[in-house]
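Report on the following structure.
Think of it as A, B, C, D, E and F in the order they're written, each chain with its own count starting at 1.
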């Protein structure tokens, strides 16, 4: 169960309005790796965790924090939109400064949201649940999580140098720090699970299910690709087996499908069926 | 530049038609972690790689292999749809066996695709590019890649026990093996890059950008959460710093936004502005 | 800022597994009017509220409750998926009971989520932020809210008679009650705001902006439509003006667009431009 | 059945081209609450109406009018795109006025549509049917309708002050008026249905289905939220019952899910199952 | 401007309820090539037509007819859903006939739409405007139109043999006929435009823009592909030029991108930049 | 099976960076008719072809070429993004030139992709598989293909005059040429199939399925529409039958649906059921 208190977890107040930057900050709210994604990803993983209560709790704790990060960024966007001439855009054709604002801001901030944040990315594309991962396998999902925190921290770092506003940078310094912690925690959890299960997910596949003769071949275009020169190729793979390098070849014939039944109304066959 | 040859990389021929299983196999083609996702993810990462040509080549080699995996699965789906009574579904109300087929198959296989595969998932949702990741930062992206291969192998493993068809299982044994290799290669590449850059992405954030006092705190509900009992919490974090455990608290005031300008036509304020 | 505790707000335990019903319950989680929608709708409205702090607080209080409702339903779905033979579907062709389960369940519950809930609707379509409304105008948004709670309660009521499971019905009895309260609260808030602003949103449009001669005409097909017989048509409109009934007519000429410039490469014009 | 005549319902001719404003007008065509939404919403509601023929007719009459409104706006967009230098954008880097146009216009107007309107919103996101509501319950749906007309009129009002073009303003004055009428008609219809059924949708839920002890509690964070000070909280709810105010509490235990079967290949359980 | 009359253009009444077939009929309403697509495609093309008023009128006439086809199919779906035991699905586990209905029907028909049609496809995916084409070039768009009518008629033909219901077949016989006419009319219009402009769209590209040495080469895998044996390869192309057959080769070097600036926080380059 | 070589099929190097044009080029990669669409469309058509091996090979050959075209454009976008001041956008408010760049570029190129291409269109909307067509009927699908190549070539032609960069124009000259070839090949293939099957798809519909009395009527608004004056209306249709012109009329009664069962919780009927 969830609770909310009116105060914010951290400061979220820009020095000055900047509707153009508000558009960019949307990526951190409703983008593929925005805070909506990590919040929902951790919560759905937590709700589905079976037989690992401490990790369930970690997921719920962290997902709840991320809800608060959406709040911080939504507040920042609302304040970046305050006090700028966003409804006087008819002047833009003659005033290039206003024109730059007009061109660079998200029109929905003015038309749809009345100067509030939107659950969309920096191009105005709505967030969707196809972004998130909750598989029931914690090692797989923690790899998704460390990726999400890596992409998220990368995006904050890029935005950091795109503004001079000290209030914005103060909030970003907090988000950078929290993303450091979250990368740390998922990396530590991965190490913990890999120690128990080994590095290949899922660890529970019986060996007779797998065509293991293909499990350690690096297929590479031996004529133009330099991939086989990577240093780790000549070392044992993370699961302990040596890697071999091969040029990919076909191992099966050219497939020929049978003509469909007449009810399919496919093109009539010109060729003889198989 | 790409080339194609008519032969398949591996066998892809079921023992018998099974339109219901064909619907499920679609997850491996057009689902969030299907072969369309890994193919496009690796290719777009390769096309954007700057200053690391060997990794660019590895990405292009691997992405090209994945295109061939789409081909294997599309061929399997087309053959699972051959020869079953999918256009005689009016009999379903009285014949429960036909009814089960009818209920379990994807109607678009019959109506839209004429017994061919679809670029959609097991529920018929079209694949979209919001599934893929290409950030320009290889360590971040290789984490996305090892996640994708983990989720993908997990899904193949689950489907393996949902069929008795030896031809399907033969193809799955190949896919399980290749996903083992791909997990191995991305894990090895991650180890290589982490050795150079450290574990926190991006490695290039200047320390003065980050509020480092928050970089190693595990925020947890100290009353009901057991997360702090995880073994790694009492050890140094992957980046070498000790982790501290804290109950989350608010560090800023309750935010109050200013009323919008009259052109926003927001609700008139009942309260005094800030 | 948000907090989470491990205990649930209400009971969420079915008497028996039912993977087919689990698919249907997804509508209440990730459908257009599922709990993800109301949670995110209220939170984004709250974060954007300007000059009406009590309503901001109401929105945050209610949105937080809805997060707990997602939790209740995600837990219910996970438990409905426990203990049923969902990975033995190859038997379905010969066993119609298993076939019915196979046909009726969501394949992603087995393949993608490992028996956990999904942030998607009852057909497996991912939730997206295009479902939610946050306009900055509270009267407009409260109308969206009472609609959302009406649609949501309607869907729970329909599902109620589609199961015999007492545990499921117990949870539904709680959701029906909470939706009653939420309809009540948004209706009361609407009445409050309409008393101040009048019924037409936004109340702040200057009269000279509006072609008021068209503001109270019911356009109807006077030959076949019976709409004008509705009792309220002969009474004053909610804003106090009388309604008139008219057959719609054209008031402007047939438009003719100018041919595009040559750089548009549109079809060459056969007709004379305007 | 539908008929079309070449003449327009109202004037739709701007004084001058303005490709930047054309982008913004798209919100009224293909946005969440654009004319495509209300047209399709009313028509699908009408086609599904059971046992209320006058309301069916009202829905069909109104939906048909909205089709004509798409036409008015599509014509306006096409004319706003006429005669501006949209294909000479290479000059933008040196000419800030052209640069402002370039930055602010929708590139698809030039590249994809050849200076015609698009069925998309002001950010270029395609309209989708997830925006519309047709539930079979008229009271629920009329609440959706009055919301749609409120959001729509709000957006027109905001756009009104973002242009000086008298031709555009003339069309907007007509749309403002029609949205006034449509808010009036749905409000009157809601009043009519509430008089018969009461305010809580659906009215047909038997009392024994509902945990009525929770039907009139306002859950609020009693420490920081001011929601309970709203004037209507101390008055009877719209359905006549008194409202009580409570701090939310948990009423059920911490859920523990059982480990999945081995075929799920979930993480192996570290904890004891329930 | 549009008008509507209550009567239907054609009969739309099934002999008996069939909720499973109702799900399939949705493909013809809200699928990629359903009636929503052709209606919106023709209307948007019409509204954007510049300098070809007769074709504008043809598009508006035909688009208006398609609106009536949505109506016919929505009515059919609503009637296929009448009188079947769709809300008694708890019996499905023991009664395989009800189980088949349960598995095969669209759950949203019962839960979301109250036995009405939905603006979605046969898998429940919402219609979206990314399906439609309106380019401003009539020859291009008429090719889209003849494709849409071909795909649409193909789908009706496939569905025709999937039911025994005479009422459904009567409606389908009308749709087959109208799709015949619409294929005829777009084919005739294409022939008309090709006679004026030639077969290659757009006809207005100056020859010096095009690398014409590549305009008539069929690139084919000369080792395994039989494509060059197609009869028309040895004949002049539709634009009059002879076709040559070549094995594709690379004509440019391996690209090497420059490392990004430090603000991009991309991976540090291991290789020397170009 | 697919192979890749590091060299490019053609040159792809701009003279100078231009992040604003990079945004526009995205339409050719991830737009509705971008190279991702034609690549995936041809490959899925090829994988589903039944009984026409030469056409299967043609589809695979051409689809493979299109993969190389994505590569050319992704390389072009990455190079257009090199060396421009995209991370110094805080200067935009005072420097209109930088402001124009800021307003006109895609923010995700800087924030999400680190100066690489994106699998999205020119507005940042992700590519999705709802754009592509693979029906199993080759004549239908070749009509889709000639449309795709027509729309694609049209878009390249429009972009051609929107830049002065000779490197970009060189790549476009190659794409224009290849689109000429592809239009030629699909037109030739259509002619080949029409000669065998006739012009109406599918050719296999038995005449008794079709209400042929409606197969050659042009329905037109005889009062305002000029469509019947098109020259081909008075000539035989492409399938050889004469066309007649009629004003559309209703041929069936006004439909009245039965009230829903009580479990539907629809609005209670005011009217008498049918």
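Observations
Keep in mind that, in the parts below, contacts are C-beta pairs under 8 Å (C-beta built on N, C-alpha and C of every residue); 3 or more make two chains touch, one makes a residue touch a chain.
Computed from a predicted model, the values in this text were never measured in an experiment.
Following the contact convention of this document, A, B, C, D is the list of chains adjacent to both subunit E and subunit F.
For the pair subunit A and subunit D, the fraction of shared interface numbers is less than half, so the two copies use mostly different residues to meet.
The most distant chain from subunit F is C, comparing centres defined as mean Cα coordinates.
Chain centres here are Cα averages; for subunit B and subunit F they lie 26 Å apart. Subunit C and subunit D have CA centres that are 10 Å apart.
Each chain gets a centre from the mean of its Cα atoms; for subunit A and subunit E, those two points are 31 Å apart.
Counting partner chains per residue, subunit C shows two or more touched chains at residues 1, 3-9, 32, 48, 50, 53-55, 57, 60-61, 64-65, 68, 75, 78, 87-88, 96, 99-100, 102-104, 110, 112, 114-115, 120, 123-126, 128, 130, 135-137, 139, 154, 157-158, 161-162, 202, 204-205, 221, 224-225, 248, 250, 254, 257-258, 260, 263-266. If each chain is drawn as a node and touching chains are joined, the picture has every node linked to every other.
Residues 1, 3-7, 48-55, 87-90, 92-94, 96, 99-100, 102-104, 106-108, 110-112, 114, 120, 123-126, 136-139, 193, 196-197, 202-205 of subunit D are the ones that touch subunit F when the two sit in their complex.
On the subunit F side of its complex with subunit B, the touching residues are 1-9, 30, 36, 40, 43-44, 47-48, 50, 57, 60-61, 63-65, 67-68, 70-71, 74-75, 78, 112-120, 126-130, 132, 134-137. Touching subunit A in their complex are the following residues of subunit D: 18, 20-21, 23-24, 27, 31-32, 96-97, 99-104, 121-125, 154-155, 158-159, 161-165, 221, 223-225, 248, 250, 256-260, 262, 264-271, 273. Those residues of subunit B lying in contact with subunit D across their complex are 154, 157-158, 161-162, 224, 254, 263-265. Looking at the complex, you find that subunit C touches subunit D at residues 5-13, 32, 53-55, 57-58, 60-62, 64-65, 68, 75, 78-79, 82-83, 87-88, 110, 114-115, 125, 128, 130-131, 133, 135, 137, 139-140, 143-144, 146-147, 150-151, 153-154, 157, 160, 169-170, 172-174, 176-178, 180-181, 183-185, 187-189, 191-192, 199-202, 204-205, 209-221, 224-227, 229-233, 235, 237-239, 241, 243, 248-255, 257-258, 260-261, 263-266.
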